[in-house]
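Input: structures, listed below.
In what follows, chain A forms one complex with chain B and a second complex with chain C.
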Partner chain A sequence: MDFYRVLGLGPKLQLNSVELQQLFYGRSRELHPDRFARAEPSVRAAALEESSLLNDAYRTLKDPVSRAEYFLKHRGFDIGEQGTKDVPPELLEEVFELNMALEELKSGDESARPQLATARDHFAALLAQSDDELTNLFAAHDASPAEAVLRQIRGVLNRRRYILNLLRDVNGYLSN
Partner chain B sequence: MAYSDKVVDHYNNPRNVGSMDKNDPHVGTGMVGAPECGDVMKLQIKVDPATGIIEDAKFKTFGCGSAIASSSLATEWLKGKTVDQAMEIKNTEIVNELALPPVKVHCSVLAEDAIKAAINDYKKKAVPAEVNA
Partner chain C sequence: MGTFQIDFGDAAQPERIIGIDLGTTNSLAAFMDLTGPEIIAAPDGSRIVPSVVALLADGSFIAGNAAKARLVDHPEATLFSTKRFMDRAATPLKIGNRQITPPEAGAHILRELKQHAEAFFGEPVTKAVVTVPAYFNDAQRQATKDAGRIAGLDVLRLVNEPTAAALAYGLDKRKSGIIAVYDLGGGTFDISILRLQDGIFEVLATNGDTFLGGDDIDKLLMAIALEDIAAEWGAPIEGDPGAVETLRQAVIRAKEQLSFTLFTHIDLDYKGRRYQREITRDLLERLIEPIIERTLGPCRQCLADARLAPADIDEVVLVGGSTRIPLVRRAVESLFRSRPHTELNPDEVVALGAAIQAGILSGEVKDTLLLDVTPLSLGIETMGGVVTKLIHRNSTIPASETEQFTTAVDGQTNVLIHVLQGERELVKDCRSLARFELTGIEPVPAGLARIEVKFLIDANGILNVSAKDTRTGKETSVEVKPSYGLTDEQVEAMILESIENAEADIRERQVREARVEADRILAALENAKQNDAWFDLSSEDQAAIQAAHNELLLAYHGDDHHLIQAHIEKLDKASLKLAENMMNTAVRGALKGTKI
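For the complex of A and B:
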């Protein structure tokens, strides 16, 4: 996991954003091109590469969701994999029903609007809930790393995608 | 992205859009989703219990054009097949028929998953209660 290595971090899912930023600044200074102005071309090139890796690493790791996706990918998990196994069927049902309501609204049936507003609140709550779940699962993983916890995390990440997608669509319709 | 003529045709005139009563014991319902895009697909089959032949199929897909075309095509193929034959339908056949580009392969996988889910749901219902116990 290069992103962790370049920042000098161990394989933890819980990262403190202030500390992460400090690490990033520190490493950025060490890898600053000015310090390599007189170095061998190969050394300079290596530092440049390391510093672009560092930037990618920071951008990815500072967001808990993209951090978890990166982490899982390097543990051999597919994210956004096909199939419903990780997503509760009730959520799919709900997503489906909501899409039906959206379609009615699109076709000019305004009676679906209140249902959508309720649904939006519900899905916003689900999103907040999944963020909390992630926080807890991160802590559980760091306390004792286990495949089962990572699988649960993937489940939450997959669920989150449906929720986000829907919220975007619903908000789009409600705002016009 | 350019869709093939067949995709456009299914997209503009989707076959068998609709739904059936999912509590009907002869109806199997498959509800699947693709987390990468958030698309969802519902596919249902109605089986003649005497012959095991699928007499009707319906779908409703909220997703991209390829997913709609894949599920529309799937319902066409399902009708008249036995449940076992239907189980054999592969997403690659859908890819070939619709000339889907590689980035759209997952949309056809969604259709295959939906077929399998519908059949499994039907089979679960068809199992007599004693055998279930």
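For the complex of A and C:
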């Protein structure tokens, strides 16, 4: 996992954002092309290569979700092709109701609008809940790495993505 | 990588690197003195080189003050504000009986600065850091680097103007904090937000408009004055370039005075005729309010991209001559809710910052490091005229992304990749940068080739593309065909539209994607109808497939991607039996072929 290597990190899912930033600044001082402006071309090329890797790494790892996706990908999991498999049935039921409300709204029936606002608040709460779940699973995996935990993380990520899409759709309708 | 531990800063005597601000209206050079950055004065003591180029009767070119002096008498043989044309670097500009490209015009100005520096130091100067607007795209950056090369300068680094200004302000100032740099120059506007911590200047986000600046204010005043004069003198003066240029200078004088007084006169004295008009600051402010308003949208977007609120900004720095206008200061102050810094001369601060960056590269300035970002997203064209983004805007540079490509036709040896810059979803709404042709791919059946293409934006914000055939491990040669299809106005318009049209974009994209999928299944069905399996179907099954097929075609031309998707699934279901039959036929065919 090059992104962890270039930052000098062990393969941990839990990362402290302040510490990560300090690491990034420190490594930037060592690797940035500015430090090698007068070096020979091969060294300059290597600095460009490594510092782009460093920047890509920091950008990916500082966000918990993209970090987990990167981690899972490198542990052999495929991401993002799960459809609605990890979505709990009660949420799917809610989605059906939501779709009905959206249809009403589209046909000019404004009475469904409050229902949308409720749905939005609910989805936002679910999103926060899945973020908490991720934090806990990260800790669990770092304490004792296990494939089963990674599988659970993938489940939460898929559910989270689904909720995020819902939230975006509902927000879109509400802002119109 | 052990090599990275070597410190080249303490090696041999560093070669001199100067910092250059190549501006729309004025250009300056600076160097790192023992006590800090200093402007390099010309032999006559002047600090500013006007960005004006003139062609003399003997066929030679001059730039700077001498060229500016010829604007009125030889308007057809002088060029100014050529930085505005850097986006169309291949399109020549007319000057007298000659034509020069925008990078060549830039080169004349750079050469003038280079000569001043050589006179100042008494030795040749060949290396420079040159600043560009943060919002310059790849083509404009490339054109600026080319200008340096034409002028005989090795441009070691392009630095974004607002970032350079932050360097000039931040050095030996506060140790940490969030800085916003508002840079309204002669022709371009930039806003950048940076985090400063222990000598690291990390740009969090940047935004702007490369077609907005003091020039636009001049044009507004000019329009009024030209109309007045036509009425007063009984004939328009537009046909007389000398008169227009004289008026332009009078208008600029009046504009500049209004930053310090409440009223003044536009005063034109041309070939014995006089035009005078009183103009108040109040009128100027009402005129330019829409221009100032246009800078606030990018500011808000920049804050949003940095995930900050105005209250999070600790310091605001003003850069560019146009920020002397009191209305600009008030607008910035009310947006960021803090009084902007104006201690340093807004005309000089960018050049001073460029000199500091030159000091960083030469090793003279230690402990300071700039981490800048790319202003525009980079993507490639994929099926259906859609842009797939590879590197998002505001990514710290150098930044890279690797993408796998394969071939679509048996024996294909070339792959064409269309690279674009911009925030919109569709190819037609982004700026085409270049087409990269990968050649020398080993001919194999379609879909079997594996070409790994690496897109890398370097520390100058310029794209580099390399490719490797992962099956053979060989580097694939990449031929670049730069495109100048779109103008910069179009790019700017695109970005603004992007925010407004994001919704429509996504819908359009979804429809396109659904159509691509529909095309695939319709083509597969046409193929299948030639197969024996089709004739094995009952007439009811054939009719059901045909009905689903017709329904999909109907939905295909609508704009509801859900409907297209639904009918694709229906057709899929209806042709299940057909697919099974085909599979069986294939198996039978395969068995027939084998001799038992």
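Some notes on this structure:
We adopt the following convention: the second predicted complex is superposed on the first by the 173 of 176 C-alpha atoms of A that agree within 3 Å, B and C clash if a C-alpha of one lies under 4 Å from a C-alpha of the other, contacts with A are read in each partner's own complex, and residues count from 1 in each chain.
To be clear about the criterion, a residue touches a chain if its C-beta (ideal position, glycine included) is under 8 Å from a C-beta of that chain, and two chains touch if they have at least 3 such contacts.
Keep in mind the model is a prediction, meaning the values are calculated, not measured.
After superposition onto chain A, partners chain B and chain C are found to clash with each other.
When the two complexes are overlaid on their common chain A, residue A:173 makes contact with neither chain B nor chain C. Looking at the shared chain after the overlay, A:95 reaches chain B, while chain C stays out of its contact range.
By the touch criterion defined above, A:87 lies against chain B but remains apart from chain C after alignment on the C-alpha atoms of chain A. In the superposition on chain A, contact of A:158 is made with chain B only, not with chain C. When the two complexes are superposed via chain A, 60-68 is the only one of 24-32, 60-68 or 114-122 in chain B with C-alpha atoms clashing against chain C.
Shared interface residues of chain A, touching chain B in one complex and chain C in the other, do not exist. Here chain B touches chain A in the complex through residues 31-38, 40, 42, 60, 62, 106, 109-110, 113, 117, going by the rule given at the top. For chain A in complex with chain C, the touching residues are 25, 28-39, 43, 46-48, 50-53, 55-56, 58-59, 172.
Per the touch definition, chain A reaches chain B in the complex via residues 79-84, 86-87, 89, 92-93, 95-96, 99-100, 103, 158, 161-162, 164-166. On the chain C side of its complex with chain A, the touching residues are 1, 3-9, 11, 14-15, 156-157, 197-198, 200, 202, 357, 360-363, 369-371, 395-401, 456-459, 503.
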